[in-house]
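Got some structures for you, see below.
First chain A sits with chain B, and in the next complex the same chain sits with chain C.
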Partner chain A sequence: MSLTLRLAFHPRLHNVVRNFVTSCSKGAADTVVVPKSSGTPLIIEDKWKDDTGAVEDREAWVETLDNSTDSTQRGLIHLNPRIFASYPRLDVIHENVVWQNKSRMVNYAHTKHRSEVRGGGKKPWPQKGTGRSRHGSIRSPLWKGGGVVHGPRAFTTHFYMLPYHKRVRGLISTLSAKFAQDDIKIVENLDMPSDEAGYLEQLCEDRYWGPSVLFVDESDIMPRNITLATDTLGHMNLMPVYGLNVYSMLKHTTLVLTVGATRLVEEKLLYNLDRPDGRSLLTRFRK
Partner chain B sequence: MRSLGSVAHSVCRASPLVLRGCGSGAAAGTQHSLTSSHTPTITWTPSLTSVRFRYHSEKLARGPLIRNYGYEEKLWKGGLMPHIDQNKRLPIPLYRPKNIWTERRALFGQNDYIDILGSGELHPTQVAYSVPPWLRGFKGNEYQMLLRKRKIFDTSTRRLVHTSGRGHKSLQCDTCLYFVMVAVGPKLNMKCQL
Partner chain C sequence: MASRGTEKALSLLRRLPRVELHNLKPNPGAHKNKTRGRGIHGGKTHGAGSKGSGQRQNFMRLGYETGNNPFYLRFPCQNYYKGHHLKLSYVPLCMGQLQKLIDTNRLRTDIPIDVSQLIYTGLFNVKPLEKEGGFMLQDDGMDHFCATLNLEVQWASESTISAVERNGGVITTAYYDPMSLEAAVDPIRFFKRGKAIPRRMLPPQNLIEYYTDPKNRGYLADPKLVAQERFNLAQKYGYQLPDPRESPHRHMLLEKKDPRQIFYGLEPGWVVSLPDSVILKPTDPELKEHYLS
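Up next is the complex of A and B:
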């Protein structure tokens, strides 16, 4: 199968990135070069509603976490180019990361006001007569040990909401960037034959999956073995689809998605790209 | 190369007859000789006045000029720094890298897109468990923050356990700020969700 890109003439696809992946041998559309394996080759195609055919689908191997089979590759999956092959907007990714950091930040730094510093209720010396300058309180900001005027006050939040569509675009850009850099691995499911951390570490080592791996599945209840294996490993984490976010995708080197998770993410993001009530989401966040 | 001094000396020592070019080349310090048949020659000893007191040869004899004499250059000669003296610890703190894979750090930002990728019922502010409950989805100045805190906590049966030592001053602070705000005339743009 060739992974070349035909020119996109559709006005909505003017941001599609040129595909620089090397082309494989060209064969018929449905054949998959699968080494000797026990199971039948798995080809997961999908006909998306707005599939114009102007941009070719991206393809990725479907793997297993089971090393005991002949081959770890089970088949092929077609990925929607609007999600996995859009132009990665680095500025939008940056905005998303900044938003994630700031929106939940609470600054607990606190300085005392002149009214809060202990003491300083009495006038230190009379207004006139002494040769000294006039003062009303020993805790005024002019004095050493006095209150701070415009210092930090505890529980300061920097909350704000990034516009809805920017967050959608951030997710899409990050997924596209990661896919372009071969950091997305599609997996059939998260079933593992062993519950040892060492097994998973060795697996990632053999397949050159980065130092940190994020496993994403549809539901938040994960299989027993992988839960036990990743429990002690801090750099390998599990997440449901609704927990996926730009910061985590950038923090972990490799993103491992199950087939179900991939389809769910695609469905959600595609819906949000062209939703009919999009204007209602442009209002400022209130209540 | 003869120095000027030596030239001058030789000139001074030269006989006047030689200088003037008169006489028959007699040696310096000619004397009047009564017995000689010649007519007595008049000798003239010129008055010598020194015109120079410094001579290059003396300068050379003094040697090269020593500059910055007595200047002590403050250079550390104690060896490589930092040096361990009797196993004392260095003045800088030990570097202790943070564990970036603790649960809090590894899963930071986990549910921030739950309104996009979830069912759409939940908003990220509703699942911001690391933020104090009365500040979820809220941003405001100090007065607005205290108002909100009072609205949530003074009416509820559950009281705040830890008020950072400012509980009794909260109301006072509220009213004081209120008078200030009324005078100035602020815009209460409260972005909050209860």
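Up next is the complex of A and C:
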């Protein structure tokens, strides 16, 4: 890690423990390769650690999008198991996906009922004496070309609100499921040396990311190079933390979070798991 | 949430295909179609059954037993329900729970605790319209209780009273009529209505006895008799009664509501305007006379 880069991203990281030598290798058989970078390796500790959970703390490599250095791994990050190793409720994930799809769906199908179809005001033939069946209008639903009973009426929205805690649960389940399947990657930031799409595509291919990749950063102002590189790529997208949602996470094969975004996601979701006014959110949403 | 089952599910997921939009589905049996099909697709009778009241929609009246002498006529005297329109139910508040609220900083102990404070923790709901009269202090977890409080509840037993007083606290049982309780449960909603704070009504006839009894620390009891009963209870349960007048928090401990008062620091007849942050007090002598307790 070059000196300038280290200085650039050092103040943004919390609880950085340096001089990391022990606890890196566990036994002789499976030694963990320590990333060989010019700077000291770093461990980013869990900020909201609690020892109550039976699930072990999760760890992930902190990588970099800079391919020019000798090692792409910068260190290790501890992830909160309540967010990244909680029970993967696939049914709740499904409910979230259905909700996201339906809430933006508007049905434009439209049919006319008997009063809206043109004509049909006059009684087609007298009630009695013709020998024909009784009819009052040629636009009755019984007639060909008549109105439609209980047909679809535009514009029907399918909008509804999923209960608040299910939405929180859906995000946590998706993050946990994706992390368990090695589809979440942590990077220190989204800085790249090149602004070409080919560079990013090659980088993702080398690391077995993708084919579709979602990059998530803290804020919605992204670094210039990655913005230009992903501009022409439909399958690599950028998203701020406030836009993170279940559908987009599943739509993309790999989710790439920056360290800042990871901590922000953890903070927001942990707050929602334990928020004191959780009861007030149970009230039904009204349009 | 976190358990060995979680670890197992996550390790299982590592060996399964990637969770994607196309392989998600709801739990089996979770989805049930609410509507029947139309026309020939709705089943033989569209769910109405054949013959009888199900088909004809003439539902039997409540309590009718198709020709039998109905229960309510066979046993006309059900004393359990006698005076049900006068009876109140209370929201249970366990002493252990109260201690937990204090330990987790959900409840402040430097101010007197009443219905509004308890509701403000966000863990309780009192519904005066459903004949709930407030909070009933229960002795579960009493051994862990160690806070010094000025507590006002609507019902308390002898043992819970002793637990509060043993720790140097003060407890009062007070009655709130439904209108006052509605205001005390959600003060902000009440203030937004822009109405004058009502006078708290006196308890109904069946509750007068409870709230005038010094043994229950009733708010209508003679303070001298209450002091005597505090001493008697300490003798009975065998503890040294701490004197709240010598406590460093004596101002908080000795603060007491007027029997007509709903909120601490606000008198009946006042109007609280939240947008202007102003309290309007009546000036008309007739109004003053009306709101005087």
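Everything below uses one rule, namely that the second predicted complex is superposed on the first by the 245 of 287 C-alpha atoms of A that agree within 3 Å, B and C clash if a C-alpha of one lies under 4 Å from a C-alpha of the other, contacts with A are read in each partner's own complex, and residues count from 1 in each chain.
Methods note: a contact is a pair of C-beta atoms (placed from the backbone, for glycine too) under 8 Å apart; a residue touches a chain by one contact, two chains touch by 3 or more.
Small disclaimer: the values here were computed from a predicted structure and weren't measured.
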Open item on the list: Quick check for you: in the superposed arrangement, does A:Arg104 touch first (chain B), second (chain C), both or neither?
Closed with: first
TODO: Would you mind checking which one, chain B or chain C, touches more residues on chain A?
DONE: B
Open item on the list: Let me test your reading of the model: by the given contact rule, A:Thr157 touches which partner, first (chain B), second (chain C), both or neither?
Closed with: first
Open item on the list: Per the contact definition in the header, classify A:Val241: touching chain B only (first), chain C only (second), both, or neither.
Closed with: first
Task: Contacts of A:Lys251 with chain B and chain C, given as first, second, both or neither - done: both
TODO: For A:Gln127, decide between first (touching chain B), second (touching chain C), both and neither.
DONE: neither
Task: Touching partner for A:Val168 - first (chain B), second (chain C), both, neither - done: first
Open item on the list: Quick one: is A:Ser68 in contact with chain B, with chain C, with both, or with neither? Answer first, second, both or neither.
Closed with: neither
- [ ] In the overlay, answer first, second, both or neither for which of chain B and chain C A:Tyr87 touches.
- [x] second
TODO: Using the superposition on chain A described above, determine whether A:Pro276 touches chain B (first), chain C (second), both, or neither.
DONE: second
Open item on the list: If I apply the document's touch criterion, which positions on chain A are contacted by chain B in one structure and by chain C in the other?
Closed with: 247, 251
Task: Residues on chain B engaged by chain A in the complex (per definition of touch) - done: 99, 101-103, 106-119, 124-125, 128, 130-132, 135, 137-139, 142, 145, 164, 166, 169, 173, 176, 191-194
Task: Of all residues in chain C, those that touch chain A in their complex - done: 1-7, 9-11, 13-14, 16, 18-21, 24-27, 30, 106, 121-123, 125
- [ ] Going by the contact rule at the top, pick out the chain A residues touching chain B in the complex.
- [x] 100-101, 103-104, 106, 110, 115-116, 153-160, 164, 167-168, 171, 212, 234-235, 237, 239, 241-248, 251, 264-265, 268-269, 272, 284-287
Open item on the list: For a test of understanding, state which residues of chain A touch chain C in their complex under the given definition.
Closed with: 52-56, 81-82, 85-88, 90-91, 93-95, 97, 174, 176-178, 180-183, 247, 250-251, 253, 276-280
